[in-house]
Structures are given as C-alpha cells and as structure tokens.
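Here the structure comes first, spelled out in structure tokens, and everything after it is commentary.
All chains are identified by letter, namely A, B, C and D, in their written order; residue positions are counted from 1 within each chain.
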Amino acid sequence: MKEKVVLAYSGGLDTTAIIPWLKENYDYEVICCCVDCGQGEELDGLNERAKLSGASKLYIEDITDEFCDDYIVPCVQANAVYENKYLLGTSMARPGIAKKLVEIACKEGAVAICHGATGKGNDQIRFELAIKALAPDIKIIAPWRDDKWKMDSREAEIEFCKAHGIDLPFSTDSSYSRDRNLWHISHEGLELEDPSKEPNYDHLLVLSVTPEKAPDEGEYVTMTFEKGVPTSVNGKKMKVSDIIRELNRLGGKHGIGIIDIVENRVVGMKSRGVYETPGGTILMEAHQQLEELVLDRATAEVKKDMGNKLAQIVYEGKWFTPLREAVQAFVESTQEYVTGEVKFKLYKGNIIKAGTTSPYSLYSESLASFTTGDLYDHHDADGFITLFGLPLKVRAMKMLELEKEKNK
Amino acid sequence: MKEKVVLAYSGGLDTTAIIPWLKENYDYEVICCCVDCGQGEELDGLNERAKLSGASKLYIEDITDEFCDDYIVPCVQANAVYENKYLLGTSMARPGIAKKLVEIACKEGAVAICHGATGKGNDQIRFELAIKALAPDIKIIAPWRDDKWKMDSREAEIEFCKAHGIDLPFSTDSSYSRDRNLWHISHEGLELEDPSKEPNYDHLLVLSVTPEKAPDEGEYVTMTFEKGVPTSVNGKKMKVSDIIRELNRLGGKHGIGIIDIVENRVVGMKSRGVYETPGGTILMEAHQQLEELVLDRATAEVKKDMGNKLAQIVYEGKWFTPLREAVQAFVESTQEYVTGEVKFKLYKGNIIKAGTTSPYSLYSESLASFTTGDLYDHHDADGFITLFGLPLKVRAMKMLELEKEKNK
Amino acid sequence: MKEKVVLAYSGGLDTTAIIPWLKENYDYEVICCCVDCGQGEELDGLNERAKLSGASKLYIEDITDEFCDDYIVPCVQANAVYENKYLLGTSMARPGIAKKLVEIACKEGAVAICHGATGKGNDQIRFELAIKALAPDIKIIAPWRDDKWKMDSREAEIEFCKAHGIDLPFSTDSSYSRDRNLWHISHEGLELEDPSKEPNYDHLLVLSVTPEKAPDEGEYVTMTFEKGVPTSVNGKKMKVSDIIRELNRLGGKHGIGIIDIVENRVVGMKSRGVYETPGGTILMEAHQQLEELVLDRATAEVKKDMGNKLAQIVYEGKWFTPLREAVQAFVESTQEYVTGEVKFKLYKGNIIKAGTTSPYSLYSESLASFTTGDLYDHHDADGFITLFGLPLKVRAMKMLELEKEKNK
Amino acid sequence: MKEKVVLAYSGGLDTTAIIPWLKENYDYEVICCCVDCGQGEELDGLNERAKLSGASKLYIEDITDEFCDDYIVPCVQANAVYENKYLLGTSMARPGIAKKLVEIACKEGAVAICHGATGKGNDQIRFELAIKALAPDIKIIAPWRDDKWKMDSREAEIEFCKAHGIDLPFSTDSSYSRDRNLWHISHEGLELEDPSKEPNYDHLLVLSVTPEKAPDEGEYVTMTFEKGVPTSVNGKKMKVSDIIRELNRLGGKHGIGIIDIVENRVVGMKSRGVYETPGGTILMEAHQQLEELVLDRATAEVKKDMGNKLAQIVYEGKWFTPLREAVQAFVESTQEYVTGEVKFKLYKGNIIKAGTTSPYSLYSESLASFTTGDLYDHHDADGFITLFGLPLKVRAMKMLELEKEKNK
C-alpha cells in the first residue's frame, strides 16, 4: 500500500497539477482536501474534478463558523491590525486550514501534507508553522520550493496536466494573485507591483465598489456586542458568520474597507497589495468604538500594544504558540464589559459614528461637564497638578540652581 | 510699583473678566499676551480692548511658524495620534503658548502667569507643566480653580465686567466649547455631551463640510517630503505653515478629517468631542504612506510604539521633559530617508492612495514578484522556515514525547 | 447610635493616637482592625490595648495565606520587580489589607475607613485606590492629610494620648521608618536619607545578616514549582507561606536579598530605602531560572514587558483594576508548563545556580551541540540568514546604487 | 591574478585549516585578518604562522578602543542585557570585527570574506548581517555550512593541515568552546551541555575566581561618569578600555560577574553557557546606580524598554540598521546629565552600594522626608488621589449602580 499525502486543494490549475506531480515524484496516494473558509467559490463538481486529476479522495470541509469564532473574533477583540492597515484576512485563515489538514492527515494516516503556497510569500510560513506545531512528525511538501518542480508558467502546468491525462479548461490569463475568504479578498500583481501606480479599481474590486460608485444616499447600521462578541446587526440576532456576511453586503455596497498598502512580508521584502474587507472594517471599527466607552485609559493603552503584538503573531503564522494564547488571554480578560450598541452611517467609503451606548459605559456626563461635584472638586486639580508635575519642577529647580551657581 | 502678572489673553469674555479680577484680588499690574497659533481670529482692535479692560499692555505674538516647525512636524514624523484618533491639535499648541508666556514674563519681570483653562480639562495641566518646566519659580494663577473666583456663568462674568467699567458686546449664547489653531478645531459640549447622539454636523463644523456636502468630483493632491519634513504641495515649494493652510483648504472642501471621539482625559474622566483636522489628516496620512516605502519592518514597528508614546506625552502636557526629547531623538533618527512624493485623491471624506515614490524606496519589484534570483532563492525559504519554526517544533515534539510516555 | 469608622490598626503610637482623635473630631465609634500579613509582631494583648485606647472592638485578621496565594504568587509568576530592584513587598500587601478593611466595614455597616499612612508616600494611594475600587461610596479618612490633625511629633502624639487617658509605654526614639510582612521588611529614614551614605547595615538589618557575617560554608537548596506555583523546599511539600518562611530563614542566614535603592514614588519624588527580601529573592530567582528552560524566546520577551507592567500597576496601588486582571491572565497563561526543580547554592549573598530540570524543558542537548541532524541542517542557516538579513541587504544595495548614481 | 578572499583569522586550528581549504576549493588568494578586541592572546609569531599556512598576507588590527567607545559604551548607557543576564560581550564585538574585515576587503579589492563561525550559532548571523549591511555585493563564505567542507573533527582538520604541509602543534583536546575579548569570556560545551549540572567552575573560570575563593576582605571602588561615559576609576582618569581592564582586575579578584544561563539563540534553539564579565558587570551596575539619581521615572521606564530592545538588536546581529541607530539616539539623549560618582564595595561576588552622588541628582532630601513645604503640601495628595483614582472609582460606582438595579 502506498503512503498517503494530504493536499490542500482548491481545484485551480496549481493544485490540480500538483496531484500527478506528487504521484510521479513521491509515489504517494493523494488525498485532496478543500477547506472552505467562506471563499464563496463553486464547490459543485469538485469531487469529480479531483478524482479525474488522480486524487483518491476529496474532503470538502466547511470551517467558516470555526474561522469566525476561533480566529476572527479574537482578532477583532484585539483590534489586531498589521502595519496600521491590514486586517489579517489571509493570515487568520491559514492556521484554521492547517488544523483541518492535520486532522485529515491523522485520520487517514498520511505521512505528508502538501500545500501550493509560493516560496516568496507569507503563506508557506503560516501553513508550515501551524503544521509543525500540531503534528511535528509529519512531512511537509511545498512544490514551489521543490527541485523536482519544473513548471515555471501556467502554460507549462497545463501542458503537464495534459501529459498526465488531465484535460480541464484552465485559463492562461494571468490576472491578479488573489486570496479570498469570508473576511476579505486580497489582490497582488499586475499594476499593483509598481507602488507609484494607482490601482485599477474598476478591474480589481470583487467584494465592493469604489466610494465614487457607491450610492448617493447613506445608510445607517447598528450592531450589538456582548462581551466583545458581535451578536446582532440592525436588531437581528445572528451568528458571527452571518453578521460578517450582512456587513460585507452593506460595506461592499457603500465602498467601505478598501486598503492600498505596501507591507513588509515575514520573508524580508516589501510587497504591495490591495485588500477589500468591507464587513470586517465596519465590525472592527464598531468594536473599537464600543471600547472607547467601556475601557479605562490604562487598559486601552496596554491593550493597543497587545493588539499590535497579536497582529504580528498572526501575520507571522505563529498562531499555535504559547504567546498567542497568552495575548489572547489578556484580550479576553478585557472584554468582560464590552457590551452595548454601536450605530454607524455608511456613506461612500465613510464610516460615520452615529451614537454608541453601553450599560457599562464609563462616560459620565456630569463628570465631563464643567461643573464641580462630589466626585470631582476643581481644587483637586491643584493637588493633582502639583504632584503630576513634581518631577519636572524638581528637575527645573535643580537646573536653575546649577545655573545660578555657575554664574556666581 | 506693583508686581506684574502675564495673562494668556484672547479677548473673549473669560479672559476679559480675569483682568479686573486679577487686579482686585491680587493687586497685580496685568500684562496681556495673545499668542497666535494660526487660530484665524480677528486681532484688530485687540490692543484697545485689552487696555479698556484694564491691562497695562498687550503683547500679540505670532508663533504660527514655530508651532508648525517645532511642535507639529515632530508629531507628524512620529505619526503621533492619541487613542487612535486625536491628532493632538490643542495639545501641541499649549507648550508653545506657555513658552511664549514665560518669555514675556521674564522680559517683564512678572512674578506670575495666569491662564483661563478650566479645572476639569487637560489644558490646565499642559499650561502649568510647561510653565513649571521652564520657570519653576514663577507663580501660576488658574482663576477657575481659585476660591476667589465667584462667577459661575457667562451672565455673572458680564455683570462683573460691567461693574468694573468694561462694557463690551459679549454674547450670552452658550455654544460649543472650542479650541482652534492652524492645525485643527475642537468642539465639546451641547449634544456632544451624550455619546449616544449623532453630532449636529451642520451646526458644528467650522473648517470643513461633511462628506455628503463635499463635491461630487474628487481632486488629486501631491505632497513632497524631505527627511520627514513636508516641503511642497502640488509641486509648489512652501513653508510648513502654508502647506497646512493649503491642505486645510483642500481637506475642508472634501470633508476630510472629521473625528468623533470619546477620549480619556489626563484628569481621569472620559469626554466626548469632535475634531476637524482637514489638512493635518492628509499630511499625516501622506507621511505614513511614504514611510511604508522607506522604513524597514523592525524600525516601523518600534517607531509605532514610540509614536504612541509621544502622543501620550504630548497629550499629558509633558512636552518639556527629557522623555519627549529622547523620543523625538529616536524619531528624528528614522527620518533620514523619508524623502519622496505622495499622491492622493481626495473624495468625499476619503483619502485614496494614488501612488508613492521615493529615491530611498526599499520596495523592489523583482524581489516582490514570484521569480527567483540572486537576492532570493526559493530554497532559502526552506532554511528560513526550519529555523523560524524551530522553537515551536521542538515544543511540539516535547509534548508529543510526553504524551507517548504517558500512554505507555 | 454613632456612625462607625474602621481603623487600620497596628497598636503603635500613630494608630493609637488616631482612636481618640477620630472620636473627638468625627464623633465616630471606632472599630480597630489589625490585618496580619505575616509581619511577625506580637499580637497578644492587642485587644486590651485597643479597648484601653477607646476602640469599641478589635478585629485581628490573619490573611497571610491569602497574601501569599493571591498577591505574591501572581507577582512571582510575572517576575514583577519595580525599577529593577524592588520586589514589591509593601505594595502587594496593601490591597489585601484594604480588602479586609472593606469587608469589616461592610459587616459592621461602617461609613468610613481610616488609615495612618503619611501624606507623601505611596501607601496612602494603595490603600485608597483599593478602597475606592471595592467600596466607592465609603468615606476615607487619612489623618496625616487632615487639617484637624495637629500633632507633628511623636512627643505631641504621646501628649495627646495621655490627655485622652491613654498611658502606654511608647518610645520617643526615632528609628528607621519600617514596613514588614512575610515577604520583606523595608527601611527608610536616618542615614538612608542621604544617598551618598552607605547604609548602617549592622544597625539596620532585621531579617538577614550582611554577606560578610554569613557563614563561610555555602548551603544548597532545592525548590519545586508546579505550573508556576512553588510547591516544595528541599524535598518537603509545603504551602506557599511556609515555603517563604523557610526560604527567609535560609536567605537571611546567607545574606541574600538586601537591596539599596533610590526609587521613584508615585507622588512624584525620589526616595531612598533598603529592602530585605531574603526568601522572596531566592524564590523569584528560582522561578525565573525554571522559566529559562520552559518558555520560548518570544513568550519570554513579551512576558518580561508584562512583568514590568505589573510591577508598575502594583506599585501604583492599582491592584483592583481591569488592567491588573488582564496582565495576570496573560501571565497565568504562560505558567502552564512552568513545572520542575531548581537547585541553588546560597553563599554569602550569592545565589549560585546549581542545576535546573523540567519535564517540559525546551532545551535539547542534541540541538544545542555542534552536530547536524533531522531537526536542523547547517544549510538551513544559509536560507535563514539570507531572509533574516534581506531587509538590510536590500537597503544597503539601494544606498550603494544611489551612491554610484551620484558619482557618475 | 587570483581573486582575493579576506579571512577572519585567529591562528587556531579551525582558521588555519580554512586557508588551504579556501585555496583548494575556491582558488583564492587568502588574506588573513586578525582583529584584536582585547582578547589577550599572544599575537607574536602570528604573521609567520599565517604565511606558513599559506596566506599571502596577515593584517593584525587592534580595535580595542573602538570596540569600547563605539560598541560597549552605547550598550552600557542603554543597560542592554539579553534575557536578564547576558551582557552581550560576543554580540557587541562581532559588528566591529566585521567592519574591519570589510575595510580590509575594500582596500585589497577582495571579492569575498570568510569566517569560521559554526552553522548553529549566533555569530554567523552577526558576521554576515554586518557584512551585508556594509558591503552588500561581497560574497560571504562560511566553511562550516559549505558542502565542500568535509572535516568533522579536530583530528580531520589536523590531518588536512598536514596533507597541505602545515605542521603546527595543535592540541586535540576538546575543551569548552570559548569566546574572549576585553569585555568578557564565554564558555559552552562539556558539562554545561546538561542544564541539570553545576558548572565545573574550578576548571572553567579564566578571568575570575569563584566567590568562595575571593578574598575575605572586601574592597571599595569608585567610578565616575560624564554624560553616561565612564571617565575614571578610584580617582584616576582613564580611557574606557583601561577602565574596563582595571575593573576586570578588581571584579575578577572578588568573584564578580559570573553568569550561568540557558539562553535562546536567534537560530531557534536554547543553549547553555557561562559568562565571565567581571569589569563589565561592575561598570553596568554603576551606570544604572547613577541613573537612579538622575533620571526621572517616566524616562527610566521607557529607557528600560529601549535597553531591552537594544539588547535584542545587538544579540541578533542587527548593529548596522536604522533601528539600532534610532534606539541609540534615544539613549544618548537621556545621558545628558548622567554625570557623577558611584562607590561600591566588592566582596565575594557581591556589589554592595556604598554611596552615589551627582550634581544633577533629582533626589531631594527635604522632599523625600515627612515634612511639608513649598513644593509639596500634604493636601496636594488629596487632590492627586482623587484624580488618580477617578477612573476606578467611576467604574466601581457604575458596577454598584448596575448591581442595585439588578437587585430591585
């Protein structure tokens, strides 16, 4: 009996060509696994397609809800954003996919896992670190870095497929390099490779329209959170994945969440991409808006650093690490009272705040106003300023004294 | 001869009433000082007004350029933003004003400085910490915290003025509480005191229009920076203050930079405000956009923390401290190569990236693309991932081993 | 019936004098509460003493074990050290004491809590912030900051006591100002007030001897931890408080843990003190030693920042805050595998490492040695260095290229 | 004419064997370069030895003073310590050596640089990152990672040397793996490879004695600093290298600065080592002691993080990066007033503080004492505590209110 490999499979040209390549070069039985994170692709007929390409089996695994609950929600709670802009759509999905691949590999007794990520990107790292952490004794095969992989163009892959009896209608068009899931779609390549060029948005956008093409009329949306978890949109209770779907619809319609970034990859170079995250952008903003009311200053300040830290960890593929767990424990602890409602107006790319409420709001109208009261006497500020400014006054007096001595 | 006090004077009701109050309660000669940070107010006739109110002298000091060069530019270079949103417009101006007040006080041999900031806000702290740091032996008078100050309404102040022979046309209208300078205008009070309410933008906005009222046609703008300092707009070399003026015009027209925030004051309570920073928002975004191309990942990451730190320092009024100097030294060191051009399209509240270039760009099209070359061989990623993932693999193997032992 | 006040009472001169002072000035019934954190003081006869001084009741509350388990252990796990040196002995005890005071106050229906901390120290802040957090509606009385308190010397206090019929044998000697509990003893005052002076250790030390006076023979000690909690000393299982007692004995004998520091108080000035923390120093070092084996690099690095953060939080009296809880959640998450044994040799002030073991050790002898193997091939380092050094190589090449262009 | 390679040469077996290996495998002319960082080795006869081994030339470059001034001093000023213990002795030297190698390579027109660092350590990274940053177009040869390198034991190397006519008296003893320079000596290998074992100090120590063997009499030492730079020992002005020499003598004599650590290497595994840094430990402690008097709390706190950051940067070999420059700019800015004198008593492994003074000391005896005065009124603490504790009081009241509502 042949040894088995589990292949992360999408049905596209790359992962199709990998099937015969694995059989030919490694003499493995190839088990395909297509993990659905809400990428919205056609999965009908995928089974036949995989079999036709030489796979012995295809698993189609829908982890969309797990992706939302276990990966997206913690990142939203942390307000985790990489390099000020990137909402981590692809980064958050990879560990979930890898976990599923490992599960299937264990179930099937496979000795190896194969992925089609390229040798210059972040995804190879995210896949492989997750696999190492979950199944350190399993072999990882990355064809794009493998000397036995000889194909260097779509044409060559199509040729190779045909030579192995796979005659499927693949396009030779080179378009943007994209990754899509429920949370976002990323775009790289073509004109984006030159940071001096404006993105060709009309050609590029998939989930949203540009602000210019968005409706002339704004639209209100309300969202509720309980302990930092989104629970409803416009008054309707929904599970998180449905909330994101609905916000994607609204955000996409109003041109929200289109990001143009030059980011620093883990592997050491800069790359330029455009991300569409219509619903995610709204959701994250709403969460942060609610935290403004509920978190105290000191907590918010340290939490911001923790959020940045989590963003890096996730971006670097270090999901299954003690550090991610510890950071998440910190964040979860802060979410106890992040409960309330946020209202936004969406209008041509803008998220306009339209009121926030929380039973745990620490905002006090009487305190904020100019009057004095039980809690706060204007004289208290005297003492506060004296002590708050004491170190710098002591220092200034010391300098003055030294100055005077010198001038004697 | 009477002892002198220098009063931070605007010509408004509060600082007018303070003049006779100081004379009556402290028996000082009152020297007024109006420091212009580009607030765009009418200064004609201010001299007569001050004299008429009982001041012995009025200084009108224009520090707009100093404000831009010494306070705004370092904060732009640091991308210093308080609590994710506030661009520090008022915070940055206070130390500059205080420095000028101290200068005048020294020149005049005054024994005290008086400011009209309230007892619940941040500004009292910013003024007083700056004064303590620069002139630790000068007395500070804050009428709003002073037991001798008995007026608790605009009416009472007008009455007090009249009783002291000052009959000026002050309005009794209570509007928003505002602070304006070249960089921004802030709004507090009225409906803003309830965070569940949408701001009444039509009533409120001064420097800008809402995105809804902005033109239907977007507008491109280019900006250049040299070593992190803005040097031109749309190809015209200008000094920083003129760049901000021009960007204010453009940003205001297109509804850019309107912020609605619940922020944490230094004195311990939350307050809600709306800020308009049309030009500043564009300038800061442009600077950050340029840094994306020029800064390496590690520098950008630590610099982000330093920027957050600077924002807190400035917000807390600790401008004249060794820590601010040290943070600024860090930031300046990173600006050596922040030189280049940024192009934006402004459209109804949106700043849309339209291309960035720099002679020092670290982006390399050949590196970012999928091909392999001298600098980067796909195989290198193998070794990188092995070592990068080594700690978590070792850990996973240890756990596996313990698991196996346990199951024996 | 009179309103009640709960007084934090030690039986010393200060808190004795406060009893009649409270009755005279506030007309309260005074309920004394002596909270025992292991300070090793004589509590016999304290009840009579409190009654004689005019208290209606005395509670003696031993919270030593709670102090160890709920306050000390989390700080040890975090390796929380203030300003590089101070192991937070007094800081950790204050919230525990305040919590007990609030409990008694609730039980007794008291309207106020009174403490004897001075007006220039940190302890007033720690007591009061804890009380505010736990019982925001209870009044706090701090006699040393109270205008009604007129006594400015020990003599005046003794006089006042006598005038109120309290004739107890108090010494008028001014010695060091000290605070002691199970974890440490602090010393301030006398020659310590001049940082240029060597402490008079022969006069000063209470829990330990100087290294010079320690035995000429070293002594080994082993400690075990389970999930970051100390569980035994020299092979004997003990509760944490007994572990600290035993380590105090050993550390004190060998001159361990004497610290001479100029620290920055929360209230804005520097103060100089000497701390003895014999057992605590050993325990913290042992915990850290074990973590070296068990924590991965990234976790250890962020945890260090979190430990510093916790030290500040605790020092500032902000124990009962969401931020302390969140930081503690982070730390606890990292302790899952901090299990193992640490061996030290104690010798004249030195803690000499003598071997550490853990079932979860991430140290691998084969990996650390010079040989190559499955986990690590020397060639992997090639790829790692290429990618790890890529950003700086790209940058250097860009600079070289610009240099060459310039020289053309 | 042959292409040239510059070899980092020590005269030991490894770098001797590399000479014929380079000639045989790369057909280079080999130029040796021995960079002296104060390692205290015999350099007499090294020239003949290099020539005899086949090198065309030997450069002996003494960079000890540069090492002290440009690398050690900035790290001392930053109090840069890696993973709580390691004073970076080897890490700081590598960039200085690499810089010299690059200089020689440029001068000689060499196309490659070769170093003898192993494939599992940190030094390969430090050498190569420095070379990449300074001369990105030069080729780097690391024989230990080179497939052409076939020797896997000292015996094999000796054999290889003999076969190439190099008959030198090399020992086949395997001892500790060591690295020494003016600042420290490191030890790895033998019994140290098992962290459960006590180091064999009698066998191991080179620069110092154990505390047990140190004199029974302590010894005082005073050091002065100007703007953070050490300037004298015991009243004698000296250059920094001589200060370190003198402190090495004193520290070594008294058993100071012996460290036993399990550290995390950059390449992903833990390793165990013993470091002796007798003088460096004293110098760093003295600097920190002085900063206690001179730096304000906020600066000290951020500077601690920056010091940790610098330690990581240096450990990871990223000396020649914008981030190191920026961190150093921060640190330098804080050193303006780090001027004064520190006195220590050295006694059997202990550094006992014996008094610190500085003209810029921010310690104020009158402020620290219990009395009240101009600068600080006890009442000020009331206001301070009210505001400092306001956020947690507001929060507690909100919770109380919700509690009450719930219980209605």
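To be clear about the criterion, a residue touches a chain if its C-beta (ideal position, glycine included) is under 8 Å from a C-beta of that chain, and two chains touch if they have at least 3 such contacts.
Protein identities per chain, from UniProt: A, B, C, D = Argininosuccinate synthase.
Predicted model, so just to flag it, every value in this text is computed and none were measured.
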item	value
Equivalent interface to A-B, taken from B-C, C-D or A-D so that over half of the residue contact pairs match	C-D
Between subunit A (Argininosuccinate synthase) and its twin subunit D (Argininosuccinate synthase), rotation from the CA superposition, multiple of 5 degrees	180
Fraction-based call for subunit D (Argininosuccinate synthase) against subunit C (Argininosuccinate synthase), same above half, different below	same
Rounded Å distance between subunit B (Argininosuccinate synthase) and subunit D (Argininosuccinate synthase), as computed from the means of their C-alpha atoms	40
Centroid spacing, where centroids are CA-atom means, of subunit C (Argininosuccinate synthase) and subunit D (Argininosuccinate synthase) in whole angstrom	31
For subunit D (Argininosuccinate synthase), residues contacting two or more additional chains	264, 267-269, 296-298, 318, 321-322, 361-362, 364, 367, 376, 379, 381-382, 384, 387-395
Touch list for subunit B (Argininosuccinate synthase) against partner subunit D (Argininosuccinate synthase), complex	264, 267-269, 295-296, 298-299, 302-303, 306, 309, 313, 318, 321-323, 325-334, 336, 387-391, 394
Residue numbers on subunit C (Argininosuccinate synthase) that touch subunit B (Argininosuccinate synthase), as the complex places them	296-298, 359-362, 364, 367, 375-377, 379-384, 386-388, 390-395, 398, 402
Residue ranges of subunit D (Argininosuccinate synthase) touching subunit C (Argininosuccinate synthase) (in the complex, touch as defined)	83-84, 118-120, 124-125, 128-129, 132-137, 142, 144-145, 147, 193-198, 211-212, 218, 255, 260-264, 266-272, 288, 292-293, 296-297, 300-301, 304-305, 308, 312, 318, 320-322, 343, 345, 347-350, 352-357, 361-365, 367-370, 372, 376, 378-379, 381-382, 384-385, 388-389, 392-393, 395-397, 400
